[in-house]
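Naming follows writing order (A, B and C), and every chain is counted from residue 1.
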Amino acid sequence: MNDLTGFLFLLLILVFYVYTYWTSVKRNRIPHFRSLAGLVALEEMVGRATEMGRPVFHSTGLGTLYSSGVGTVLASFVVFSEVANKCAQMNTELIVGIGAAEHIPIITALAEQAYAVAGVPENLNYNDLVFLGGTQSALVAAIMEIMDSRAPSSFLVTGSYGADIATYGGLAREYGTLSLCGTTNTYQYPYAVAAYDYWLIGEDFLAAAAVISKDPVQISNIWAGDLFRFTLCIIMAIGVILSWVGYNITQYLTM
Amino acid sequence: MGITDTVRKLLTRRTFVQGMLIILLIIPLSRPLGLPILIGEHSRAFYRIVEELPPNAKILFSQVTPVVLMGDLIPQAIPVTYQLVSLAKERNWKLYFVGIGSPDGILQLIDSEIWATIGWPEEYGLKYGEDWCNLGFVAGGDISWSTFGSDIRAVVQYDREGNNIDSLPMMQDVNSVADFDIIFNNGEYNTVIVRQWGEPYGKPLMLLCLTGAVVQDVEPFYRAGQVKEYLAGVRGGADYELLVNRPGKAIASLDAISISHIFLIGLIALGNVLYFAEKKEKGRNSL
Amino acid sequence: MNLLRKREISVYLLFITSMVFIVQYYLPGFDPLDSLISLLGNWAVVFSAMAMGLGLLNLATNSVRKIQKRSKEWYFDAWLLFIMLLVLVLGGIGGAKDERYLWIFNNVYQQLSPTFFGFAYLYMCSVAVLTFRVANWETALLMLGGVLVMIGNIPFIQVYTGAFVSLKDWIFAIPSRGVFTAFRISMALGFVLIGIRTLLGIERGYMGAEES
C-alpha cells in the first residue's frame, strides 16, 4: 500500500470522528469552542454597511476546484454564503468580486439561494457579480477600481490569494473600509494580521464553515481534529524523548 | 503645527511613503552602486550539486513561474538554465522542460526571458528532440502533476512544437517521473511537487523559490530531506550569477533590495519614535 | 422538485468520485482505476477551460452595460473590451506563436503584470509604518525579530557582519521554521477535516442555504 503512515493517521482521525460524533450527537455533549473574532465581525461588517448606506464588497479569491487548495475555496464559498444571507436579510448592497472563472456559476447560485431564502430574490443585482480577470494582477487592478468607484463600507477578502493580500489590506486602510481576511496561505498570515481589521487564518478559516452552521455533527468534526492534534503532540513528544536517548522513530513514520 | 504633527501627516500619507520608496529604488536601478554581496551557502550547495551531476543524466525542468512573479523567479532561472545548457553537451545530459499549472504564460517566459537572455540551446550545440525538448503546457492542479508523474503520455501527447512526443528520440525510454535523475522546479507549486513527484518517486528535488516567506514553506521539507536544495528568489539568483560568472538582472537588483530594506527599517524606527513622542505629549497634556 | 436540483444527487456524486480518488491513492497500479482518474482529471481541466468562456462573457456583459449607460470612466471599459477582443482574435487566428499576439504578451502583459504585483511592497511599507509599534513587550519582541531578520537580509551588510546573518539564519531555522511547520500541519489537518465533512455530505455550505 502507498503511504501506510498517512492511511493510519487518516484512520485515527476517522476513529476520533466516530467517537466525537457519538458523544456530541447521541449523548448531546458538545464542548465549548472559543469564538472566532472574524466570524463575529461578519455581522458588524454587514451592519456597518447597512447603516452607512454603502455596499459590502466580498472578493472570493482565486484557486481551482481540482487542486489541493480546494478546501480554502470551499471555505470561502461558505463564508460568502453567510455574507450573502446577511446582506439579503438586511437589504444591503453586495458586490462580489469573482477571481476564478469556474467560481462564477457557484457564486451566482449561492447568491441566488441566499436572496431566495431571505424572500427577496428580486433584490439580487446580477450586475454586481463581477468576474475580476482570473490572475493576481488582474485582481489587483479590478479591486483597486471597485474600491475607488463604489466606495464599499466593508471589504472581505477570503480564499486563495498570493502576496496581493497586502495590497488589499493597504487599500482598505486607505479608503477607511472595515476589512476581513480569510486565508490558509501560510506566508500571507503576517500580512493578514498586520493589514486587516479582522482575520480568519489557517484552520480558523477552514473551521469557520462548521462554526457558522452551529450543527453538532460539523462541530464534532472540529473536535475530532483537536483530539488528533493532541495525539500528534504526544507522538512528537515521545519522538523527541526517544531521539535524546539515540532512538530514531522517523523510519517508522515514513512507510 | 508641531514636528510630531508634520511627521505624522507625512508618514500616514501613502503618496509620501510610496513616492520616497520609488525614488530610492530608481537611483540604484539606473546607476548600480556596486555594493558587495556574500554568496550564500544554499546557492553554493545548489551549484555544487549541478556541477556534480553524473553524465547521461535525464533532467526535468518544471517551469511554473506565472508572469506576475517573473521579477523574482526568472532572475534565478536564467543562471541555473545557463549552467545546465552549457554543461549539457559535454556531459551528455538530456534536458526536458515542462509547464504544469494555471495558464499564465508560464512557458512563454522560457522563450521570452531565458532563451532570449542566454541564447537558445542550439547555440550550445544541443539538438532539439535529442538533447533537449519542451513538453509543453499542461493545464491543471494536483491531478495533472500526479498523472504526469505516473504516466507522462496520459497528459502529454504533443510537445510545444507540435511533434508527437513518441517521435522524439530522447523520449524513447521516458514514461514517468521515475525515469528522470533529478527534477528542478522554478516557481510555485513547491509543496505539490514534493507531494506528487518527490515523495512517491524519491527523486532529488531542486527548488527555485520565491524569496522570503515561501522559503519558510520549503525549509521543513529541506530539513526532512525531501528537498535536496533550494534557491531563494533574486538573492539566490544574484549568488548564482556570480557563481556561473554571468552578471545579470539579479545582481543589478540587489542594490535596490539593500536600499529598500534600509528604508523600511528607517520607516519603522521613525514610526516608533513618533509613537513614543505622541504618547509623551498625551501624558503631558493630561496632567 | 427538479431531480437535478436535489442536493442529495450532488452529495452522492461527490462521495463516489472522492472514494475513487482515495482508493486509487492508497492502492495504485490498478489500471482501470488509473485510467478513470486520468479521465476525470482531464474532464476537470476541460470544465475549467470552458469556465474561462463564462468569465469572458461576464466581463464583456459588464463592460457593454457600463458603456451603454455611459457610467463613470466608461471609455476604460470600451478599451478593455477592444483589447480583449483583439487578443482573442489574434490568438485564435495566429495561435500562441503569432508575432502580433506575442508582441502584446511580451510588451504589455509581461510588463503590467509584475507592476501590479509590485504594489504589494508599496502598500506593505505604508502599512508597516502604522502597524509595527512597540505598544507592549510582545510587539517589542515581534519588532526586534523582524528588524534583525531584515538587517540580516540586507545583501551588503551580510559581507561585513556575520553576526546578523547567523542570527537571521537561527531565527529562520529554529523559531520561524517550528511555527511554520506547525501552521502547515494544522492547515493540512484542516483540509483533511473539511474534506471528510464534504465527502460525507455533512458540509453543504458551498451548496448555499437550504430552501424550506
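The working rule: contacts are C-beta pairs under 8 Å (C-beta built on N, C-alpha and C of every residue); 3 or more make two chains touch, one makes a residue touch a chain.
Please read all numbers here as calculations on a predicted model, not as lab measurements.
Undergrad: What are the two chains with the most C-beta pairs touching?
TA: A-C
Undergrad: Using only alpha carbons, which chain's centroid is the nearest to the whole structure's centroid?
TA: Taking the mean of all protein C-alpha atoms as reference, the closest chain is C.
Undergrad: Please name the chain that ends up farthest from chain A once chain centres are defined by their CA atoms averaged.
TA: So the chain farthest away from chain A turns out to be B.
Undergrad: Let me have the rounded angstrom distance from the C-alpha centre of chain B over to the C-alpha centre of chain C, please.
TA: 18
Undergrad: Whole-Å distance, chain A centre to chain C centre, using C-alpha means?
TA: Measuring from centre to centre gives 13 Å for this pair.
Undergrad: Averaging only over C-alpha atoms, locate the centres of chain A and chain B and give their separation in whole Å.
TA: The answer is 29 Å.
Undergrad: Among the residues of chain C, which are close enough to touch at least two other chains?
TA: In chain C, the residues touching two or more other chains are 28, 41, 44-45, 48, 113-114, 116-117, 121-123, 126, 128, 130, 132, 180, 184.
Undergrad: When you check chain A against every other chain, which residues touch at least two of them?
TA: Each of 2-3, 64, 66, 68, 135-137, 162, 170, 174, 186 in chain A touches at least two other chains.
Undergrad: Listing for chain B: what residues touch at least two other chains?
TA: 14, 67-69, 140, 143, 216-217 - these are the residues of chain B that touch more than one other chain.
Undergrad: Tell me, which parts of chain B touch chain C in their complex?
TA: 11-12, 14, 17-18, 21-22, 35-38, 67-71, 105, 108-109, 112, 139-140, 143-144, 146-147, 150-151, 154-155, 215-217, 219-220, 223, 235, 238, 254, 257-258, 260-265, 267-268, 270-272, 275-276
Undergrad: Given the complex with chain A, which residues does chain B contribute to the contact?
TA: Residues of chain B touching chain A: 14, 66-69, 102, 104, 140-143, 191-192, 195, 199-200, 212-214, 216-217.
Undergrad: Which stretch or stretches of chain C touch chain B in the complex?
TA: On the chain C side, the touching residues are 28, 34, 37-38, 40-42, 44-45, 48-49, 96, 102, 105-106, 109-110, 113-114, 116-118, 121-123, 125-126, 128-130, 132-135, 143, 146-147, 150-151, 153-159, 165, 172-173, 176-177, 180-181, 184.
Undergrad: Quick one: in the complex, what on chain C touches chain A?
TA: On the chain C side, the touching residues are 25-28, 41, 44-45, 47-48, 51-56, 58-59, 62, 65, 72-73, 112-117, 119-124, 126-128, 130-132, 180, 183-187, 189-198, 202-203, 205-212.
Undergrad: What residues of chain A sit close enough to touch chain B in their complex?
TA: Residues of chain A touching chain B: 2-3, 64, 66-69, 135-137, 162, 170, 174, 186-188, 190.
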